Amino acid sequence: MTDHDVKNAGLAAEGRARIEWAELSMPVLRQVRERFAKEQPLKGIRLGACLHVTTETAVLMLTLKAGGAQVALCASNPLSTQDDTAAALVSEYEIPVFAIKGEDNATYYRHLEAVLGTRPQVTMDDGADLISQLHGEGNRSRDLVADVIGGTEETTTGVIRLRAMEKEGVLAFPVIAVNDADTKHLFDNRYGTGQSTIDGILRATNVLLAGRTVVVAGYGMCGRGVASRAKGMGAHVIVTEVEPMRALEAVMDGFPVMPMAAAAEAGDIFVTVTGNTSVLRQEHFARMKDGALLANSGHFNVEIDLEALGRVATSRRAGRLINLAAAEGHPAAVMDMSFANQALSAEFMVKRGRTLERKVYVVPREIDLEIARLKLASLGVRIDDLTSQQSSYLASWRHGT
Amino acid sequence: MTDHDVKNAGLAAEGRARIEWAELSMPVLRQVRERFAKEQPLKGIRLGACLHVTTETAVLMLTLKAGGAQVALCASNPLSTQDDTAAALVSEYEIPVFAIKGEDNATYYRHLEAVLGTRPQVTMDDGADLISQLHGEGNRSRDLVADVIGGTEETTTGVIRLRAMEKEGVLAFPVIAVNDADTKHLFDNRYGTGQSTIDGILRATNVLLAGRTVVVAGYGMCGRGVASRAKGMGAHVIVTEVEPMRALEAVMDGFPVMPMAAAAEAGDIFVTVTGNTSVLRQEHFARMKDGALLANSGHFNVEIDLEALGRVATSRRAGRLINLAAAEGHPAAVMDMSFANQALSAEFMVKRGRTLERKVYVVPREIDLEIARLKLASLGVRIDDLTSQQSSYLASWRHGT
Amino acid sequence: MTDHDVKNAGLAAEGRARIEWAELSMPVLRQVRERFAKEQPLKGIRLGACLHVTTETAVLMLTLKAGGAQVALCASNPLSTQDDTAAALVSEYEIPVFAIKGEDNATYYRHLEAVLGTRPQVTMDDGADLISQLHGEGNRSRDLVADVIGGTEETTTGVIRLRAMEKEGVLAFPVIAVNDADTKHLFDNRYGTGQSTIDGILRATNVLLAGRTVVVAGYGMCGRGVASRAKGMGAHVIVTEVEPMRALEAVMDGFPVMPMAAAAEAGDIFVTVTGNTSVLRQEHFARMKDGALLANSGHFNVEIDLEALGRVATSRRAGRLINLAAAEGHPAAVMDMSFANQALSAEFMVKRGRTLERKVYVVPREIDLEIARLKLASLGVRIDDLTSQQSSYLASWRHGT
Amino acid sequence: MTDHDVKNAGLAAEGRARIEWAELSMPVLRQVRERFAKEQPLKGIRLGACLHVTTETAVLMLTLKAGGAQVALCASNPLSTQDDTAAALVSEYEIPVFAIKGEDNATYYRHLEAVLGTRPQVTMDDGADLISQLHGEGNRSRDLVADVIGGTEETTTGVIRLRAMEKEGVLAFPVIAVNDADTKHLFDNRYGTGQSTIDGILRATNVLLAGRTVVVAGYGMCGRGVASRAKGMGAHVIVTEVEPMRALEAVMDGFPVMPMAAAAEAGDIFVTVTGNTSVLRQEHFARMKDGALLANSGHFNVEIDLEALGRVATSRRAGRLINLAAAEGHPAAVMDMSFANQALSAEFMVKRGRTLERKVYVVPREIDLEIARLKLASLGVRIDDLTSQQSSYLASWRHGT
């Protein structure tokens, strides 16, 4: 049987049913898979993936396999693994998976190593843990790196880490920042995170958002998604930022902007989506109302200073922490586009990776537009074409006032 | 007296009062002017500007002059000139102006030539007419071009023309695309055009927007501004696009998207903001309801096929065309940021232009952020600073899950 | 010639053209007029109207006349009269009009008397001035009152006055509160005032609303219209109220609510729509930012304490007062429904008024629904009908869980 | 031990913890309870309640008991009972409860009878089942009715049934329509149903709402809540109605309105909130896209013709039905106000019920305003008071223009 470490192979049938359900909501990836099955662009390529082990990821794995790749998968977060999905990938589809929901830190790293043990030629990351591990110390990693054509990275946070590696001159192969594709970050970050954060808050607390003050820390794509949806549910939204351009946009979009020290006193619910550390910390907890709700929707569990929160928790019994990253996945419709970017970026890396430098690359525009076209088609939306007169107008500079 | 061609010098006092009123709404430019007055960064530089001759432009001219420049100004649109402002610039502030509201085409070009006759070292355009004229045929232009250090361009449309010139290899000096600064296009295009288009429609028609269907052609920054504000006034908004990514964003933002042929039948009011030609044309007019209102908010008067409209007009007496570009200017608060970009870009060009290539450049990020900071300060908005822990977190890639 | 007092009969042709244009936007009233012309429900009735003398009012006057009434009209506000409309009514349509834009107080009351001099059997008010005058002291008024079958009243403010009169037992005949019809107050107050207030602010100041703080005093139908539209233009909206239910709704609708003393410090623009007096007064002016804009959208010019404002004006040159009531009329599409209510209520009063008590009555529901139906039809909107199964379900209480 | 029929008394501790948590979100009811405990306004009164057996209802029961009442409770919906809450009421608080989640129809009616067996003097209904049962045939019911002072009813649907009974002359005692209190229906129906419907759809399907078309059947308070929140989440919202006034409001609020036959083709998700039967039926199912989602948020399970749906289900495997009424309860913050109305209405009925007619009554305005005041206070919101000048202005009709 396929090499693996999953919780319970007996969950495979249930997992398969859920994977098939997810496929229904992923029309873009379905079309990519059909082409991959014919063209075999990844034939014989070893691909190591470190992603949230969910039904949508399963559909991506099946797409890559249909394209000819030998795939291995571990979890990018110890808490998000769906054990039935993992079981189905192993038993029903013969894909090696190393992921158990709730695994401890040691197991987490052992699973990363298991994937690296397949000597991947293409890496696929969600948070850059696989690549970080691959760039670790010692001879082994140098040896493994030699095989790698290139990688892809899903998240903003991962891209920040990779750019830092590039700047330090230690990045050993090219990586495509899938996150920077418009069809990824505009949709996943803004619409996906916006909705799933609201969803997570409601499931965890059933609080009535109308009339309550929601403080959104960070006004990047994720932050404006959360702010927009919270406002759409009737909340009073306050934004905090450290970057003046984003702060100004938030003001112009109708949101009061203020330092967190002031927002802490006004808020009922706090959501952090900054990609940074300790955005909510001791000095803010001290100013909050009793009963305030804190939620982190950023990638890593560092945006709220949990240690400091622990210290004040004895005197504040109503304080609650919701880690949405763990609780909630994006809708399949959003992941459809993100993962179509992953699949097409992997194909691009196999075709062109050997000609690229050891840098972080954006997703080629044509991939991005192709995904947008496939998505519109799946929604039944038609748009205009440029007339030939219009094309020539845009190309010409000789037209005056 | 200063060289000039304006309608009526007797309007100067009235113009001056209005310029002083505009200054009150332009706190960013005021701060730039104060520094310019001290530092004289444009000392002795001849600067030729072709911009809408309005009170806000007048404040920009005074800023440039305060910085030491010898300024000359003509109109970038024959219909938008405020004759009292032109008079005040000449009589009260001794700035040469060549602009008369409603001037004919011949006069328009004669005025362009008058500015070129001052042998500008820096050009400042709104639609690239000055640069186009300067790149015209014959020896004279070659001679003039030799003096030019570089230029700046205000609009999307102008930048499209300049990029085409760069591509054809005919652009003779570097140009900064002011339009591409975030503090310009995010604010001017989105918030400025959004509000002023609604304002223009209401002034021209007093139609109740609530419940009516507004078709917005184009979902660039201008288009999303118009769509958002029309929706905010209770309209049913439909978007048309030719670019799949923008079309998809419009769908996800809550707007139905369809080809214009279909939208033409549904719409009560049509607004074009595409930067392209003949977006509304014969085939669309034929499908529209009787009494439909057509408005162009794009830069040039080509987005609606007026000739075709004229042909059908005999049978459709209620059809009306509103040229908003002519009727309406942006709020001073928006122009404040656009023109701060112009002033700081002119300063940058004087300092660095000789080291640049013959290309279209973006506004340096630091200029953009500085303007955002000044604007936030003028609004009384304070934001957070990164803690040193946060700065080092963002810089480091060694932090794992 | 028809008895009258208008500014300039020479403006009649221009007025007629504008009245005809307004008619195009009043499809509901047009249908009412067609029926009136056939059925003559007001045949021989003397009807005295005191309304804003605008093109839309003119269409109402023509409708009443078509129904057989002998109409006379004066202005309900000395500043809103359109002199060309007044001229056209007199010269082109032979309707007695007594209204001159800017007329002084003495003239205003003389004009009220001129209409009362026609011995109206039905009164039609916008602010209850005609009825108040009619209920004044002395024998003459007692005499006139005897002829009156009943009246109609357009505004909230007028209805408040009439209800006070009813309560004091001095109201001498029945009055229909047109304002309370859903097709009037839901549409006129909410959508009409909402849009026209924004419109008025933009025309008067061209201020960019996005990012500015707008304080709306009062969260009745008018207030929620203004708040919703200001928010839709990107403003930060604060609401003040004295009534707890409305205050709570505003909070739940997403608006911060606070006392005016606090709002005065935060606001850039203030709009009063309370129907009450001195909502903005000395203690508030003292707390406002320099350059704050004040606008009254309530019916009477009492919501801002102008006397106190005058006293502080010496030290605050940027303070400006915009009286929107004077500057701006509602879109014709809104007045279409309000005035259809007026016409049908006048018809109802002629038919049934003699059986009514000396009270303020609501518009009969069937009139209201009929207007809604006509309006939907004019917009091309179709709706579902109840199936017979559904009708019987609604009528029955015997269906359990 | 207290008479009861619950699933598992062993769940009591868990239920108690959850009831105490709910109490934290019900500050208005807490204040009512404190007064009741002092004043004992329900001393010795037998009160029979038929409500959703949830933690919020438990807090209401404790409030009534604190006021001196002898309370008995059964479920108003067989699927919404929280078995741990039921257990806690019985074991921890000695309140008789007859409710088991998933109970069959026979048990449901047996439980109604158990409550009626306590010979209630005040009834408290959510859907009018208790009152309907009490008005059933035979001598027994006539006997029971004699004891009843009056009742209260929570829902729109129940009030429709009671008004039909009143009209038929069969209603045997006065009933207060709690649903008609502003602090109930404005908040519960609009904000509560709006949020909980979105919440229910997301939990059941995890569909991305942005960009999808949501059809809302019914534009009453519930419908406009659902429409507003769906729009706030980025959906394209279509409204269907049978009542022209509501249809017109929906149009003016920015929503396309059309017959369901047309909406059926356009929608991805359908939500029924009409209070009527068979709003979605065979003729509509036939026009829907494959994969359409259907959700009923109305009170009774009759709005979607399930029988017809079953017939077409063989050919449409992706069709899903979400019964939100069963899946989801309102946030405690909403129920706080609804149940404060219940408690204060019960008090009013005990004090005044014997003087009332056999009719459906609205909640006295003073109760409504008091609850609004308590709620604002609990949110920390302060509002303005009328000045004495303002009070006298509102009372007087003598002020002219």
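The chains carry the letters A, B, C and D, assigned in the order they are written, with residues numbered from 1 in each.
One rule holds in what follows: contacts are C-beta pairs under 8 Å (C-beta built on N, C-alpha and C of every residue); 3 or more make two chains touch, one makes a residue touch a chain.
What you see is a predicted model, and the numbers here were worked out from it, not measured in a lab.
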Chain pair with more C-beta contacts, B-D versus B-C: B-C
Greatest separation from subunit C - chain, by CA centre: A
Averaged-CA centre spacing for the pair subunit D and subunit C, given as whole angstrom: 37
Centroid spacing, where centroids are CA-atom means, of subunit B and subunit D in whole angstrom: 54
Rounded Å distance, subunit B centre to subunit C centre (Cα mean): 40
In subunit C, residues with contacts to at least two other chains: 191, 210-211, 231, 234, 251-252, 379
In the complex with subunit A, residue positions of subunit D that touch it: 24-25, 191-192, 194-195, 198-199, 202-203, 206-211, 228-229, 231-234, 291, 318, 329-334, 379
Touching residues (chain side subunit C, partner subunit D) in the complex: 76-78, 108, 127-129, 132, 160-162, 164-165, 168, 182-183, 186-187, 190-191, 240-245, 247-249, 251-252, 257-260, 275-279, 300-302, 368-369, 372-373, 375-376, 379, 381-387, 389-390, 393-401
Touch list for subunit D against partner subunit B, complex: 210-211, 231, 234-236, 251-256
